[in-house]
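Each of the next two complexes has chain A plus one more chain, namely chain B in the first and chain C in the second.
What follows is the complex of A and B.
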């Protein structure tokens, strides 16, 4: 706190609801309402404004997942139910983001298994979920239908819609009342265009979360930061087509050269610091959800957020 | 022949009578929408005689509502019909259907009712609907006829047998009513919203076969209010139904409702992708060439009425590639005819320019220039693989359909290789080119109130906003005002947006209140003012794509222009690339402006600084390129002497030389009002 900055902005970020509790017709123990901001993060004069949510990313086929994370998490990484349970009760995440990486195998066709995977994760954690579907347009229709159906009533966040590929995910969101992640390649205008396309097909604004695409620190993060800033400024100046919460996942953080080639003894620390610093910067740019893959990053981010809110300078938890 | 109007009157009366005899209660299972049509229209859950009558009177004896109540009562009383009939379909399946509609894996919905004249005809209609990704619902005797002809029915085959008579067609409407409530944000009871949704978004058509009773006719006709085209196979007269033949009934219905099938693969023996666009075909790789000054060749794209052309038709008039000699130059006419509900004549030249891209997409085909100066080559490799002239036509027909699905419903291509016929067709083409030129040439900035923006370059120049007017094309030279207008119509959420110019702030500089407002917003608050015709005061921002740079030379009280092709130093002491680096990136730099070559020829050029008399220097090559048009322009203004007074690098390479030269020729800029 201690800031008193007036910008004369008139816009408000649209509130998006994620996760449905029993009263909302779901089975989650908590439901989040993200967005609602009227200025830049950590400047709010309202002490009870919420810090960004931290989502822990897991997958159903970890063969291409970072070996650093696999080593740290051990066997759990091979069972996404167990992994999700740890994300919730051990690592202390706010949300779980499940990547259905099994769909990325060549000629994947076992659509029914996806329903079981989503069910397993839903039953092993009561946190709200983010589900990432396929990477292959040919199976999108089946995959997103299955995901949407499996999580019906849970108000999940489905990813990831792009300009050339958004119909299936929009359909799943509309049919089963989920929200969608709309990703554009670090460009404020393309972000807006995709939001308009989603709106035209029938997805309402309060069901959209923007993913500006997040480069890792040292590997293009400044572009992402600038795009996020511009998206947020436009939103606060009153552009309703950009006034959605932002989600950031710097998925390359754990594979950058500095992390990959670090001394084995300190590799884990370097990985965590890289992910932490990128995530913190994304939060400073205005992201409402920060996604991480290393469990140790979570407490660092949490401490930094609370320090920032208290007006203290963060030192990366050291 | 059944008189539809009479039958409707009669049928509506019968339905009304029938509904008064309803007794007891009734409801459907597995739905949260009660009797969906009645519920969507009135918000009232119907479950008995009283509510039925209430809803019927509220909807002014609507035949859909009456039929729905009667069918629901009948189903409750007699139970569901047995296999293969589905009867009422529950919400869970409707949700999936809705998903497929939004998702695009189903393009639209069709209902077929009645008794087909023959099993073969019915099967052919169903096959066509299946091939065109439509989900088809069936009701009445058409179902046993299809079954007996061996046609497989069921959701997997996209042919859904609703029930044994046409009354079951009412389920088709209750499905659409539920899709509207589930996906269209239609709240029960909001009739207007429902009708808008059904008319504009529900892609549904109805095909009526012979043999309907009066009540059934009344039911089917009731669907017209939802905007569904009712197509009949000729057995019905009067009324607002569209009569068709078994061959064209599906096509007409889909056309009426604007349902389009996307082409995905192009059936030609060579690769086709933007990846091949940059690849040229050298003389030694070439099998045959067309145009390029070696033989007569031209291209022309024209709009026709939808009925006049057959989609996908490719005609070759004259010799094919196999009777052309290797290395030869041959005549060629590429004539493309297009039709579409939203197509306009103004779009012709813009679409015609795409021929260039599309031909270059072909792995073994190459294209440069436009109109009657085109130059096309086919490679030896492609011809060896079996590529013919005909395949160029197929490529073009398919690509136009793929890239402009919203705009074009039909594309046909004629390729002429017979010299006499090419020459004959060329005369007509030249007339069309002249007509088009006249239309654009005549346009002035003052003739329109709407200009267009271009923010395509914001990807790398984040605050850049081009304002495109009839006389000032985009600074890259690639987008004219007309192109901007069309781009906006084709893609309303795209990078070209209309700008109302609003009230005049400064007429000479071309500063308008509406443009300033737009630029401020589109530049994210970075640029407050923008003068269209001034280099000195609030010039337009520059991305980096400008064809030319106009900049002030205060020492000679004039403005020079340098084009991208010029590699040397200019009198300003800087090269084009140094200048470009200084002013690009979306910044507004007073004294400098990025411009297109075409703008130099406009009356508005340098208007803010007193007009073209300010122009003191241009590279010789640019001067030469513009000469014919510029000389003519200057002559019109009574300034014939000015052209030679404009220096170039052969006359003045440095600022010092330029000062001497301008003095010698008594350039008008020297005596004009001081620039700074």
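What follows is the complex of A and C.
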């Protein structure tokens, strides 16, 4: 290419390590070093620049999970150990993101069960894990400490810290050496503020992954895209408080009207296309981790990433 | 009709059933504190219904009352409708009280050269051989006494009608008063005999909250009396918007009358102190914000609060005081400062005149924080201005225990690191009743320095200290325990209060940055920050910087000009040349409409952090916060 792909920028995205292999003191078969970029995605032609990671999302209580995914995955969806195993060996994900949806029932109190769930997933896959805790500030502390403890040494990624509630997750992450997802509502300033807050209570920069909050395609994704761009530009221009890898999960993709109301015969296809297009755009904006829920999205994204890396024009996954 | 009796004064008023207690109180002439303009939002208008039937939705306004208050019949005057004859007790705290008003203008050495002068003339009576008319005779006399050229003096009909009788009755010894008005010289009055030593003028700061009057002897050039009181329009709504809405609903007449009444009360009180006759006041110079002056002049401001926000008049105005109802010589002149826009009014032009930034080469930033805030950036060559709503939080409104700067308000506070015990002082040294603006700034700065709150203002409930607790909806910090207060309940600041304060300070800071970006300068190029207004005078400059209310420059480069509006009005009253340049200043200032400035929201969000999301803009604060964090560990 005839131009400077770094545009004179001086910043580097902080490298965050996810997953610990035996040599790192964990039990994963692989660990990732995400971040490290000095320019926009897919512009660096060095052989070691990695494509975005694809994380497959599962949960321990699928009653509110998209029926499209439940139908596709079948019985596995009721056993998160089995589900995680398929994510790894059948669907071909890079990571597994476990949502502890069981904690979202009213008056949930069975904290001990969460440890068992995390253990089960850890033993059924050797991929690095992302764990999403509760939605309820009252039990946050117990939930995060339990998950953190169960996965001690595995360098998991814990979610999700927000400006209104970040202390308990940060405490668990620091106690057991995990990284933290810092989510702010589609705004570069708010993202930076949360990173400063986390830093000030002791979470180091190389343990933070930014979640800029991803609206799905057609439902506000353009705002997310622009927030991600601004975050990345600031980082590359040298703002260390924004120089963290980005994780994107367009969790609404499977519930948008177009997918929900699609003809049954093509509903899967529409769902996959929606997730794929959103995920690809997020990767183009700079996300290092793309989360998906439909297994069929994974190979499509993977192919598109490899085409982009090779400098080929994506054919829309077809 | 229902009869409402207000205790403790037993004031009675008849009012139709279904009216609110607030309506009744206002009709009875009781000034109830209505921060939100009677929308049930601020919880400041608590009254106790002692007998009779009312309707009030307790559940909806639950957060404003303690159980004990409810048991005693507490309700919000603005949201309670009258069903039967009532007895209502109004606690002292609900009434607007005399408050600490900033009277002191800045000491300024301004050349004394007023726009109005008196000339005592002894004329030769006309004869058959000297038959020139009365008027020419009089004007020549004035010219001979050092007054303006006779042909250049305009004489209104009302004065002309008086001339023949006065001249003959006084045996041709009379005193003429000549004023310099925008059209030229004007003979505004003629009196019998020598009254040339009796010439006074009043400089008025017409604030939306307070009114300050300086009474000058325009012969000797000395201040002879000062008086102040609150703007009685407060009973029609705390902020300007509430008042314009009140005017829309109920007409402008009441607001116009309340404005003149408030000015008259202050003028009367100053005249009484000075022992002078109000008839001898020939000039009243008023500096006020655009909406205030429009209301004073009886010009409907209804169109000004909607896009595209244009005032009816921008230039300085001169009218006879008699037409507005100001109690002084009816032929006297009322001079109203020019304005830049709806939101940059004569008070700001007065501030500029007072600090002299329009004559300096170096760049100054002028900030006037009152019920609204205004910011001007510039020097002798250029000036940008903008204005916005900081929300009432910085003045104690929309903060649970916020209050105006009345007796009992905590005005200064520090918090001991470790124990988190506060040390505070109150206005008049009595038991605390709440916190006023300067106290709130201190509190915010102390809470961040002691790590009670994080940079977004969230209280760290993990700190084991009895002063940090969660009661009701929000975590809170206890400033004073019930037993030490004058109101019998714990005085606290809630996380929600802190959030409101941060939003207020963020809008001020974002406005400053927006102007700086407009001018293409950084904080390092600002040589002085002028704080004008009561608020600026009492706040701790260092704490204002710590919380990021203003851009960080050296503390010693922050200057309080005190009540710049009244200082500017004083200058315009006593120096005709300075008055003449006011229209020029007003025309030279570019007004930036923040609503139309796309970057403002971004600046605002980045300012909603303590002190700011971009910490490099606050190196001193950053160092300080780092050191108190280390000290804590």
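Note that the second predicted complex is superposed on the first by the 311 of 318 C-alpha atoms of A that agree within 3 Å, B and C clash if a C-alpha of one lies under 4 Å from a C-alpha of the other, contacts with A are read in each partner's own complex, and residues count from 1 in each chain.
The criterion applied here is as follows: contacts are C-beta pairs under 8 Å (C-beta built on N, C-alpha and C of every residue); 3 or more make two chains touch, one makes a residue touch a chain.
Keep in mind that this is a model prediction, so the values were computed, not measured.
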Overlay on chain A: chain C relative to chain B, clash or fit: clash
Partner chain in contact with A:145 - chain B first, chain C second, else both or neither: first
Touched partner set for A:174, first chain B, second chain C, both or neither: first
Partner chain(s) touched by A:95 [first = chain B, second = chain C, both, neither]: neither
First (chain B), second (chain C), both or neither touched by A:187: both
First, second, both or neither for A:16, with chain B first and chain C second: neither
Contacts of A:164 with chain B and chain C, given as first, second, both or neither: second
Chain C versus chain B, contacts on chain A by residue: B
Touched partner set for A:197, first chain B, second chain C, both or neither: both
Against chain B, colliding segment of chain C, chosen among 24-32, 114-122 or 240-248: 24-32
Common ground on chain A, meaning residues reached by chain C in one complex and by chain B in the other: 167, 187, 189-190, 192-193, 196-197, 200-201
Residues of chain C that touch chain A when the two form their complex: 454-456, 458, 460, 462, 602, 605-606, 608-609, 613, 615, 629
In the complex, chain A residues that touch chain B: 141, 144-145, 148-149, 167-168, 170-172, 174-176, 187-190, 192-193, 196-197, 200-202, 204, 226, 230, 233-234, 237
Touching residues on chain B, where the partner in the complex is chain A: 95-96, 98-105, 182-185, 455, 458-459, 462, 493-495, 524-525
Partner chain C, residues of chain A touching it in the complex: 163-164, 167, 187, 189-190, 192-193, 196-197, 200-201
